[in-house]
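Since the structure comes first, as structure tokens, the remarks are kept for the end.
Chain naming follows the written order as A, B, C and D, and within any one chain the residues start at number 1.
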Amino acid sequence: MITVLGLFTLTFLVIAALATVQSRNLFVASMWFCIFSLMMAANFLILDAADVALTEAAVGAGVSTVLFMGALSLTAEHEHVRERSGWLPALVLGLLFAVLFAASFEQPRLGDPLAPVHQHVAPFYLSETPRLIDIPNVVTAILASFRGYDTLGEVLVVFTAGIGVLSVLSFSPKKNQQLSGEGVAERVRGVQHHAILRVAGKLIIPLLMLFALVVQFHGEYSPGGGFSAGALFAAAVMLYGILEGADRSAKAMPQDWMLRLAALGAMLYIGVGIVCMMLGGNFLDYSVLSSKPVAGQQLGILLVEFGVGLTVSTVLIMIFNAIANRSTY
Amino acid sequence: MNDSALIPLSMGVPLLGALSIALTGRSPFLRDGFMIASAVGVFACVLGLLPTVQAGGRPSAHLLSIMPGLDLAFSVEPLGMIFALVASGLWILTSIYAIGYMRGAEEKNQTRFFACFSIAIFAAVGIAFAQNMFTLFVLYEVLSLSTYPLVAHKGNEEAKRGARTYLGVLLGTSIGLLLPAMIATWWLAGSLEFQPGGIMQGQVSPTVGSFLLLLYMFGIGKAALMPFHRWLPAAMVAPTPVSALLHAVAVVKAGVFSVLKVSTYLFGLDYLETLWTSDLVMWVAAFTLLSASLVAMQKTNLKARLAYSTVSQLSYIVLAAMLASQLAVVGGGMHIVMHAFGKITLFFCAGAIYVAAHKTEIHEMDGLGRKMPITLFAFLLGALSVIGAPPLGGLWSKWHIMLGAVDAGHALLIGVLLISTLLNMAYLLPPVVRAFLLPPPKGTPEGIEEAPLMCLVPLSLTALGALTLFFMADPLRNLMWTIFPGAGT
Amino acid sequence: MSLVHHLPILVVLVPMFVAPLLAAVPSRGHLPWLIASLTSLMTFALAIGLTGQVLAHGTVTYELGGWPVPFGIGLAVSPLSALMLLVITGASLMALLWGPASMTSEVGHQHQSLLYASWLLALCGLSGIAVTGDAFNIFVFMEISSLASYVMVAAGPKRQALTATFKYLITGTVGATFYLIGVGYLYMMTGTLNVADMAVRLADVSSTMPVLIASGFILVGLALKAALFPMHAWMPNAYRFAPTPVAIFFAACSTKVALFVLIRFDFLILMPHLPGHADMLIGLLMPLSVAAMLVGSTVAIFERDLKRMLGYSSVAQIGYIVLAFSLLSTAGLTAAIVHIFNHGLIKGALFMAVGTLVLRTGTSRLDDLPGIGKTMPLTTLAFCLAGVSLIGVPLTAGFISKWYLISAVLEHGSLGLVLLGAILLSSLMAVVYIWKVVEVAYFRDPPAESGGGTPLGRREAPLGMMIVLWIVVGANFWFGLDTRLPLGLANMEAPLLMGGQR
Amino acid sequence: MSINSLGLYNYWIYGFVLVIGLYAVLVKGNYVKRMIGLSIFQGAAFLLYITMDKIEGGTGPIFVTPPQPGDLFANPLPQVLILTAIVVGIAVTALGLAITIRIKEEYGTIEESEIREVDRQA
């Protein structure tokens, strides 16, 4: 049964990708991209990657579609078809695909237990995590502790994106680009005139935020963690922005506070690392945080995950507010 | 004042001179004072080194080692001594002449001119004293770059084009050919030190060696072998003291000096003999020698004629180097001195004629002898020395080169040298004959008389120098023979 | 907490720690610039300390989170990484010290704190790449430095800065993802992510096809980031439209970091175990690098805009570096490492001089700067001296790299002669496009401005800029004479990388 | 019909999606379409990593009950890497879209050919 589902999702994935590239109307393209991400998330689930599926759904399907929609509302709806000569890239890429296809025969089969991937480093994590860190979700253990430095780098990437969007969009648009008066009011006020949507939305938003917090603090035991929690929290605020109007969400979550909170999240992560150095361990070595190393690891992971969640959510909210309020910014 | 202190001093003085000239740009008198003082200072230091070198000593100074096996180091050997003496000696006269000329022709931004002038002498002395090929290459480049502003002094379109060819050829050949040759030598022979008898004997196979010789000979663009002689006539756009500096004292002499140094101290004469390309380069030099003289005959402009005459005279020395016989190399060394004195006198006279009578073409010089007797008489002495006629020093160097040709078994070359002497007469004597024997053309203004004293004194001194060298050739010859320990015939 | 033990991570940590603080602080006057410069100074000092340690003890390692290397992430500071660190932190310091006036004049006052924060993040990203020993970690820090550089290039004064940034973003992200896929294949075949550990486990990998594909992906990805010849389209525009201090910082070091990663991957992992890889490297990289040298120099000759000209000259110089290490010999590797160091100095000085001209005259087009040599003598002289170093005249840093490159090439017999011809032709072309500037600067008289004395807006640059400019030009000559530092590091690194090969 | 009979199908799909993404990035003129193509291309990279972690008969790497020696778990390492890579992808997309918005305001269009037109006229 799983194989049939796997075959279906993979094939549908390719169909979604082709449809995205071919469709002329850009809104349709971004919707197809949302389907593509959902199919990707389903695929990850089939391949036993629960954390990644949750994050891909929240970030890939949710947030990036909102960003694409926001950007398209400010730029163009249709793509003017004047493609460049398509045959040369097509030829080169066809060659690339042939090479990949030929190489796949020498790669280990899907799920083959003897593959080198399962030999060297992976068994260590699976066997040592209960002893060293003793939390059920091995992915979060690796994410926060074994390869904590990667995740720190990851937080910095998100933070740089936040700064980048702020500084790029900080220049107020020139007058002639300003949408006409009524066009602005209508778009910014969101979908207020759809009563059903607003009432249903009002119910969902608090639940969504609560779920985000559960994912955040329950990350050691179930799939989830900083990234998906941050994305979910941002999704809740975006939903509020869409329903009640972007200016209301910008007032609720002011930009400069978002920037300071994002900086706080990153500083929390770096601070934990430096405290470990102060207490004699290497950078990001949580075992020195408390008397018992295992308790120290768990405390470190909790703090670090919270830092990640804080930064990711505030940066995504900041980006959404910057794009959604562009015309009145 | 021990010798090893004299070497850095003899190079420091011109640098200090350049600096002080640049600083005292405001007051011309102070600046010119510094100019002459530094010229005299350099000559004194170089002279101080002469006794020890004559006694066979090799004073040396190590400045800095950039990389293992590559360092800036200086040591004085007879060939370097002669070149340094000629360069710094004639430098004093050129400086006096330049001050007189610049005042006479009211040239603008003279400060830059004199500063670059002193940097050029620093580079020339540095090349003379270089202990290894790397130091020589470094100062060779400094010489090219520092003489560029001199050539492009007037700043008009024509000067710019001339300067562009000047620098293009010199930098092109040095980076394009000389640099790889040097690196290849360093790579194959393991070091770049100048040693009597050469360093390539056992290290480099003859086939590779002959290819290297080609790279070196055509790489040293300043020796003006065809086809890389274009820069020399192109540099004629410069004012006369510069062309005197370029074509008699520093730049060209640095070129042929490097050729002699490379062939005797890098390749070594007997190793040179085994390379088949040494004959090839010799015949190229012979070809340059003759064709340059033919071209010189057609040139009506006096300075252009002298420029091509220099191209052919340089090939004498390259020819001597390629003969790979000790006699010829001694002749080549002496020729550096004789040609320097002869040619600089001719250039001074050309400059004096320009300043006094504003004439540059030879056919305009009819009857000038009556108005400017001293200048034209000095011109005659200079011409005779370049031709190699008996009462002048030029004879001895040609004499030795011919002996070298016989010794190396290339008797045919004597014919080439004789034809070239005839050609020299054909293009150097007519200006003198026209000046003295033909009546001045009708409309010439009466007011022409001798050039200012500041020009006249240097040219007469150099003419006398060429004359005394005829009688005083022996100490020079003995000094040259000390290059080859044990030979001493 | 002995400081020396934590040096490898501190070099990355210091800019990382200050960046968020700087972003949160609202920008008032020169405060952000001051904070950024102090941080950059401290990082430079740490880099010097680290280099001292590496020179004393060889490769310095550091385990993050206390976990042993294949399981946690380990930092490995080899002599080459130490040299890379010096180039990165040095370039950042000189660009910052040089640039406050230029940055304010081109970017204006508001949002400078965000800009300098992304500057520190770029610095943290680049030094993170230099020190890390983990393949995936290189990808993460490459993303940090790329994202920060997109932000800074987008802050350029003209509107073309935006399109240039977009092209830079697309190319950079495609390159980074190619690298990610390459590391994915390597992980699939070896099961580990640590670079040193990967080299060990590659020995017993039987099926070589995926590993060849991995090296192909990594090669293309890093060539895109390093602007190697066919994939260099983004660089000249990015350097031209970026604010000048940013252009100086990136011209001096950012493309060379990608080359650093390429050298580490090719020599440490792939060379020893992959027979096909060596000839692929020579067969593919050498012609590309020769093409880069020739095309880069030719376009630079005809380019009338000074910044773009220097951009194309960088394409040619990257061609030198790639040619050097594609010779697969110890001498070649030494030449590549030394030129990475020297090129940072040369290009930094050249861009700084052009930046000073642009600050005063507002334009970087050569035709709008006639007679600039008379009105701004010191700056133009600095440009000429840096140009002389680029050409490779003796006593300059450029000459040392040329010397090593030519002696490395001569080892290859007849092929070597062809390469020698290409190198000399390219350096002669360099003479042409530097002299093109000299002629315009010195032999044309400046336009007769209305006001008397030096024409309006054409007076010499402010003192602070001149000092920094002349320090860098001086460094060009200093490292032309005293080559112990780059040579020492290069000679230590070459045998490590060649790993017992010829 | 066990899961591994899918065998290499995953790698082929990854290859095809990668090619589609790159095609969109290289050929399309519209800047937003190129950003979408870029995201698809990155999606393919994620698929490559996650296909590696599947193990026959294993479940997700979460120990709901304390682990017995016999049972198998999927390899957690690629999942960690891809968690990071996804958020890197969204960060780059966000910045790319912000720049596209500014280009639209400065140039009035986000088509490559029209932008070149505007630049040539200016």
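One rule holds in what follows: contacts are C-beta pairs under 8 Å (C-beta built on N, C-alpha and C of every residue); 3 or more make two chains touch, one makes a residue touch a chain.
The shown structure was predicted, so the numbers you read here are calculated from the model rather than taken from an experiment.
Participant: If I average the Cα coordinates per chain and compare with the overall Cα mean, which chain comes out closest?
Facilitator: C
Participant: Skim through the chains and flag the pair connected by the most C-beta pairs in contact.
Facilitator: A-D
Participant: Distance between chain B and chain C based on Cα centroids, please, to the nearest Å.
Facilitator: Once rounded, the distance between the two centres reads 45 Å.
Participant: Report the inter-centroid distance (CA atoms only) between chain A and chain C in whole Å.
Facilitator: Result: the chain centres lie 32 Å from each other.
Participant: Could you grab the centroid distance between chain B and chain D? Build each centroid from C-alpha atoms only and quote it in angstrom.
Facilitator: Each chain's C-alpha centroid was found; their separation is 71 Å.
Participant: Mind checking the centre-to-centre distance between chain A and chain D? Centres are C-alpha means, answer in whole Å.
Facilitator: 12
Participant: Which chain A residues reach two or more other chains?
Facilitator: Residues 100, 107, 115, 117-118, 121-122, 125, 147, 150, 153-154, 157, 160-161, 164, 168.
Participant: Mind pulling the residue numbers of chain D that touch at least two other chains?
Facilitator: If we look for residues of chain D contacting two or more partner chains, we find 18, 22, 31, 52, 77-78, 81, 84, 88, 91-92, 95, 99-100, 102, 106.
Participant: Going by the touch rule set out above, which residues of chain B reach two or more other chains?
Facilitator: none
Participant: Got a list of which chains touch which?
Facilitator: Applying the touch criterion to every chain pair yields A-C, A-D, B-C, C-D.
Participant: Which chain D residues qualify as touching chain A in the complex?
Facilitator: Its residues touching chain A are 1-24, 26-33, 35-37, 39-40, 43, 46-47, 50-64, 66-67, 72-84, 86-95, 97-102, 104-106, 108-114.
Participant: With touch defined as at the start, can you tell me which chain B residues reach chain C in the complex?
Facilitator: Per the stated touch rule, the residues are 64, 66-67, 70, 134, 137-138, 141, 145, 152, 155, 160, 164, 167-168, 171-172, 175-176, 179-180, 183-184, 186-187.
Participant: List the residues on chain C that touch chain A in their complex, please.
Facilitator: 1, 6, 9, 13, 16-17, 19-21, 23-24, 62-67, 70-73, 110-111, 114-115, 117-118, 121, 124-125, 128, 134, 136-137, 140-141, 143-144, 147-148, 150-151, 154-155, 187-193, 201, 205, 207, 209-210, 213
Participant: Name, in rising order, each residue of chain A that touches chain C in their complex.
Facilitator: Contacts found on chain A: 99-100, 102-103, 106-108, 115-122, 124-125, 128, 145-150, 152-154, 156-157, 159-161, 163-164, 166-168, 170, 259-260, 262-264, 266-267, 270, 273-274, 277-278, 280-287.
Participant: So in the complex, which bits of chain A are touching chain D?
Facilitator: 2-3, 6-7, 10-11, 13-14, 17-18, 20-21, 26, 29-30, 33, 36-37, 40, 43-44, 47-52, 55-56, 59-60, 63-64, 67-68, 70-72, 74-76, 79-80, 82-84, 86, 89-90, 93-94, 96-97, 100-101, 104-105, 107, 109-113, 115, 117-118, 121-122, 125-126, 130, 136-139, 141-143, 147, 150-151, 153-154, 157-158, 160-161, 164-165, 168-169, 171, 173-174, 177, 221-223, 225, 227, 312, 316, 319, 322-323, 326
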